[in-house]
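Next come two complexes, and both contain chain A; in the first it sits with chain B, in the second with chain C.
Right after this comes the complex of A and B.
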């Protein structure tokens, strides 16, 4: 009886695993096939990988797009973590009268969809373009500035800070550390797993962000990876082999970041559940 | 020790971050002059989609343009991305970063022209509108002014597999100038005798209804923008034909573009009634060379219907910003009047324009081996001149969203009158 139960458990898990892995497998296989074979659903690896890669390099500036995506994603991740954790730490550790009201308003702002603030935001960047060309329209700075402060990460860090032992703060103060020192030397190292989890989420969000970079980045040398892939698929006769190659290249960095931080990520997420 | 390490680590992070911010900003600086399009005539930009088609056409035009002072940057954007960018830019009233020339699909053009009338520059003085196919002019003009320079035609054809149709007992002559009713009968025969489906359709894409309707010169809306679904006879007849096709199991359903392409590339359907731009996708399957031909599009079985229709096609527009005169001149001298350019366009890119004088050139007489030595391009250019003119109005795609939900109920047995009157009521509510 117990054995039978086991068989079913494994059977179920196998089916679930196949279902979730299949799209990746198909993507990898399609990368090596001609467009016609991809549309016909061929599942056997082919011999066209080099050709697809060559076409991709010829047709697009994927190197520049990768660089742009990296710059935006890394700056966004670092600034998001810094600002989000400072705010979350402040909300939880310091005492202030109206902080819960402010915090609730902040959390409510998570309900506003980005599409609703996009046009005012675009106007804003359009207005400052003439005076501050470094952060105006069509600059990488314009692509990441609106995304570095998000209510979600402040919320995320505040919840996780609930696990952080206040006694450490007291101890730091007694030993004469400044408030900044407590934050950088005690809080940050202790909350490593939370930072890792937040880093993965922030990096992936930024890496996959499409709508805002689309409207704000106009020249081809500012293109990010999602925009490049969107262009590839937009022809009357799209080359699916090339598209799949581009998608694999675009997926690698997020996969890499995830695998590097996987252990911390799970721990960090568990932390926020407990909190 | 540990503390020192972490201090160094943070120093490193800060250094990397600073370097990247500087890199990001210097990148912006480089283009800082470019983006403020106000006042720089040299930096003409153009937005279009599809590298192998529209972008290639613009590059070819640039080669043919005899003006050394003219320099243009051609930027590739997916069509949906162009729509999104234009809508965001124009509705925020910021012309910063907008291109000088932009390609817009004909069926979408009115929504831009009517929503942002001041954003576009009338270019009717830069070319002779009479040189272009009639049906292109209504969608590209607004309020008596010509805003678009007509580019490619979406003239449709009835692409079919000669082997399947022969097996079912049909010759080319049997397929010329037929009605959609006859098409349905042929489809049933093909299914019986060869077991193949006649065509592939995506239930969420009503393109084929538009093709049927336009063969009579009718649309979802009248010229003054009134929605006419209820009592629209061509639409009714088109829907009846559509239901016939669906009910008789002669349609291979698809759910996206790649499946649509696969249906004919893998030999699962006997015909493809679609715009001429599908030809390169058909030709992509080299093993089927010689097995395809093109007949004129079927028409609806009613008075005034012709065997010619349109699906897709787009035109160039000039935005009302600095550099507009240069941009309009460029378009007028190339797409607007250069017969030679159109010959190269057909030969090198396979794009058929709507410039009528071009069809007498040599390139148009080319016999295409893939299509049994048929003069495909010439045939298309002849059918193009017969396409009935239709005003696509502002809400084609919006109305179609409503209609496609109703059509599912029609296929499930709801009466045609109810379907159309319900759709009419919904559309009137939504687009008042």
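Right after this comes the complex of A and C.
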């Protein structure tokens, strides 16, 4: 009876694992096959990869899209971490009644669904387009500006700051460091793991963001990777081999981040619930 | 008043004031940013919801837009679909994630690391990328139908994307595939903190595995289950990427979600920002009400 249960457990988990992995294997295999073979359901690797990659580079602006996505993701990650950690640190270390009230109000913004503010944001960027063309509609800046300051990261850093030894702040003050010096020279280096975890979340969110870039980025040379893939996928005569190559390229950075930094990755997810 | 004359006291007082002031400098950017990109648009959206008109010519119409909601069949369809996804998909996913995490928490299980990584893997894909993959897998002559046909489970292909019922199923399957492993990781790490002796005591008392699951595991995981269900609820209420890229809301409007309807009202049809803002306020109200209910039903009251 016990043995039977064991067998059933392994069977169940194996099916779940296969279902989870299969789409990945399929896209890797399809990347090396001709479009007709993909439609015919071919499940063994082919020799068409170079051809697919060449077509992808010729027919789409994947290079530009990759560049745009990287620029947006890197700027977003750096600014998100900087601004979020400053605030998380500020709320926890310089705690006061007034700041606690402000904190609770900011946290409420986590409940606001993006769909609810999308239209006013779009109109806001539309209005400033004429005066400030560098951050108006259809600019990379417009795609990341509303995403860099979020209550989630303030909350995240505040939770993690609770574990930061306050004696280090006192020691810094005695050594004559300014409050900013303490933050940049003591807090930041000691909280490396927290920053790593936050960086992973911020990078992935930005890399995969779809709706807001879809709304603000209109010209083809401003496209990000998700927009490019969405357009390819919606085409009437899709070249499956080419699309699969694009999807693999799009998934590569996040998959790499996951496999190289698995520990931080999970820490990042958990950091959002602690406390 | 007299203490103010004491020089040391005065120094610490001004120091405290100064520190408090520096503290505000640390948080000021965030306060401004969230006010500008969240709270200001929130107010604007409300003002917009009281206006009507096409494009940029808007005029105040009071609560007409809110009345219009009740007579708008597309809105009702989008709302029903969204709630249906919520009621079917979130519980399905949470139960599955709980089962996986309990099975994987067994210390005698082999290949645990492999199973855990495999089941979590979907969570690293971008929503658009996996949506496009699912669209192809579930196509009429896609691999899912090929597989089911070859196993003789079905005798003719299922119209996964073009039948109103099956299209909804496809969307639910897709979201479940993407997010189950993600939720599982939360439960797994919570389970690792559970005191093993509780299970041993339960075993001595003759509790079955089922009883242990319902009377020990579930109550202990209640806070994290609450957290994940709120996050999933908010996520599902905003469902957009998958529907847009798998079915585009079709066939007809049978898989349309509220977020997609807002997008269409603003950017696909003749833009009606006022009415779109009204619909978007419905999402906000739903998020607030549902989070509140979940807190009430499952939350600890302390």
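Throughout what follows, the second predicted complex is superposed on the first by the 235 of 275 C-alpha atoms of A that agree within 3 Å, B and C clash if a C-alpha of one lies under 4 Å from a C-alpha of the other, contacts with A are read in each partner's own complex, and residues count from 1 in each chain.
Following the convention adopted for this analysis, a residue touches a chain if its C-beta (ideal position, glycine included) is under 8 Å from a C-beta of that chain, and two chains touch if they have at least 3 such contacts.
Predicted model only: the values in this text are computed from it and were never measured.
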item	value
Joint occupancy of chain A by chain B and chain C, clash or fit	clash
First (chain B), second (chain C), both or neither touched by A:145	second
Which of chain B and chain C A:233 touches, first, second, both or neither	both
Touched partner set for A:266, first chain B, second chain C, both or neither	second
Partner chain(s) touched by A:218 [first = chain B, second = chain C, both, neither]	first
Touching partner for A:39 - first (chain B), second (chain C), both, neither	both
First (chain B), second (chain C), both or neither touched by A:47	neither
Contacts of A:154 with chain B and chain C, given as first, second, both or neither	second
First (chain B), second (chain C), both or neither touched by A:122	both
In the superposition, chain B vs chain C on chain A residues touched	C
Doubly contacted chain A residues - partners chain C and chain B	38-39, 41, 118-120, 122-123, 211, 214-215, 230, 233-234, 240
Of all residues in chain A, those that touch chain C in their complex	9, 12-13, 16-17, 19-21, 23-24, 26-27, 38-39, 41, 83-84, 86-87, 89-91, 93-96, 99, 102, 106, 109, 111-124, 145-146, 148-151, 154, 179, 183, 204, 207-208, 210-211, 214-215, 225-226, 229-230, 232-234, 240, 243, 247, 250-251, 254-255, 257-258, 266, 269-270, 273
Chain A contact footprint on chain B (complex, rising order)	3, 6, 10, 13, 16-17, 20-21, 23-25, 27-29, 31-32, 34-36, 49-53, 73, 75-81, 84-85, 88-89, 91-94, 96-97, 257-259, 261-262, 265-266, 277-278, 280-281, 284-285
Residues of chain A defined as touching chain B within the complex	35-36, 38-41, 59, 71-72, 74-75, 78-79, 118-120, 122-123, 126-127, 129-130, 133-142, 144, 184-185, 189, 211, 214-215, 218-222, 227, 230-231, 233-238, 240
Touching residues (chain side chain C, partner chain A) in the complex	19-20, 22-27, 29-31, 33-34, 37-42, 44-45, 48, 100, 103-104, 106, 109, 114-115, 118-122, 124-137, 141, 143, 146, 177, 181-182, 185-186, 189, 224, 227, 234, 237-238, 240-241, 244-245, 248, 258-259, 262-263, 266-267, 273, 276-277, 280-281, 283-284, 287-288, 291
